[in-house]
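Sharing a structure here in structure tokens format.
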Amino acid sequence: MTDHRRLPCRTEFTFWRPVGVRWGDMDALGHVNNTLYLQYLESARIGYFEAIGWGMDRFSAEGRGPVVASQTFHYRRQVAYPAALEVGVVCGEIRQRSFNLEYGVFHAGTEDLVGNGSTVIAWMDLAAGRAVELPEEIRRCLERSRGAPPAPSP
Amino acid sequence: MTDHRRLPCRTEFTFWRPVGVRWGDMDALGHVNNTLYLQYLESARIGYFEAIGWGMDRFSAEGRGPVVASQTFHYRRQVAYPAALEVGVVCGEIRQRSFNLEYGVFHAGTEDLVGNGSTVIAWMDLAAGRAVELPEEIRRCLERSRGAPPAPSP
Amino acid sequence: MTDHRRLPCRTEFTFWRPVGVRWGDMDALGHVNNTLYLQYLESARIGYFEAIGWGMDRFSAEGRGPVVASQTFHYRRQVAYPAALEVGVVCGEIRQRSFNLEYGVFHAGTEDLVGNGSTVIAWMDLAAGRAVELPEEIRRCLERSRGAPPAPSP
Amino acid sequence: MTDHRRLPCRTEFTFWRPVGVRWGDMDALGHVNNTLYLQYLESARIGYFEAIGWGMDRFSAEGRGPVVASQTFHYRRQVAYPAALEVGVVCGEIRQRSFNLEYGVFHAGTEDLVGNGSTVIAWMDLAAGRAVELPEEIRRCLERSRGAPPAPSP
């Protein structure tokens, strides 16, 4: 998992997804609730999977695919509505049956880091309910995604 | 309240707010959950209040302001992620202590209506817990907002 | 739809579902956000369908079933965490291709009404995307549910 | 943070909070969305703070209090509606300006672990926006909470 003291820079991320903060994302303390950041990561993660050519429909069809096994998030600054954020994603460590995605959440177009985190994604056989080996095709997609960044979203 | 058979056109609305659908807005049936549309309206409503010069901070400061008393929404089409929507808002009937906001939710930049609805907003004295007369200033803001549309959002 | 001035009593409802308010249900104004009530109704509605013998799995299997076409909710009192609520449900008008469910949300075990509302449920052919005639079996289930109340949940 | 391989037992936790899963907690994959677990932890955390005599109202009054700095969660099993869960909480490491809460989410009344995680809570001066030393009183509350379990909730 990520070292909680290290603050990532924008240049580390290869895929970006904008997120518009909704008024309803705030909680009774008047800022974006801590659970919402995971929803922002989720949208970014699904966008990232699509960008490397792997849609959620294939998941249903094949019965094997990525499942969130574990998540860590470091809250760096409180955010209030209205705000425009963007989530950077980069593939981290790749293992036999799992890999990491690393995220940085920034105020849009700035180096102003709001939070950062990491997801461990296991490659699951859904029927069997256990992690299976990452297909070679997926491994190559993930590796390629690190080297040559897909065009950033606006 | 709105006649459920009448489908509003874009030209009826004077204020617009874009809404990016999140993957997490979908429910177990695979489309945007019906409760989320009210969250979209909420963001649009708060944007509308700001556009006519009435921010939520004044609400806290003055102890009087708009409270949602009642809401109706007609679901016209199911929406799945990814989708870009926009919510049109227009002030409807204005009464002694309350007024209506009418909404149309469209696929962004199209006449493709996803749903439409209406909110009854009561002007509340929060401490007393009861509706009070609409201030003349607010009444004028609301009326003006119907005549001369604010610049639409992109 | 429901007359907004009439406040329903507990005795009108035939099915009950408890709802525990979560801290995160509150919004930046410090009370339960207005969109959450529709989520409470949703849980109650699905419980009601199960109680009359119509599970959501049948929906997927048959490709026909209940879809929320329209919803109205009247907010009567603001609720803050912690609170224990319960939602009463009763079948209202039954038409050719749709029917109404009526709801009352109360503080648990009291006559203290928090809000009430109504849903128009259309019987949809999902593939065709249009309302179809209510099956006779469903019509009977709905009618029976009004006469003889199922055992209330605790 | 928690070692991801170690599965906690019920006996490790000193405070319990029941959580009723709502139908709307499920996502398009048909099980409880991964962001919702953090909402379950949040309700449990606030209950825990209240149980050790420290309500959120004091937070607002004093301008100092607990803020979530970091969170980790390990997803062990997928959960579908309907389900009754309960969250166990125990105070972990206590440091100068922060402490850990550890959580286990179980199917209610069983050893069936659904997930477990950990929150780093910083003691913040809200106006200054920085962590300050844990008050001695809070430190004692936290330590006491580990030794003598408060009565578990039903």
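By written order: A, B, C and D. Residues from 1 in each chain.
Keep this in mind: a residue touches a chain if its C-beta (ideal position, glycine included) is under 8 Å from a C-beta of that chain, and two chains touch if they have at least 3 such contacts.
Note that this is a predicted model, so its numbers are computed, not measured.
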{"item": "Chain separated most widely from chain D, comparing mean CA positions", "value": "B"}
{"item": "Contact-richer chain pair [A-D vs A-C]", "value": "A-D"}
{"item": "Distance between chain centroids, defined by C-alpha means - chain C, chain D (Å)", "value": "32"}
{"item": "Cα-centroid distance, chain A relative to chain C, in whole angstrom", "value": "36"}
{"item": "Intercentroid distance (Cα basis), chain D paired with chain A, Å", "value": "23"}
{"item": "Junction residues of chain D, two or more chains touched", "value": "23-24, 28, 33, 35, 39, 42, 81"}
{"item": "Partner chain D, residues of chain C touching it in the complex", "value": "18-20, 22-24, 39, 42-43, 46, 81"}
{"item": "Interfacial residue positions of chain B with respect to chain D in the complex", "value": "23-24, 26-30, 33, 35, 81"}
{"item": "Of chain C, residues touching chain B in the complex", "value": "1, 4, 28, 33-36, 38-39, 42, 56, 67-75, 120"}
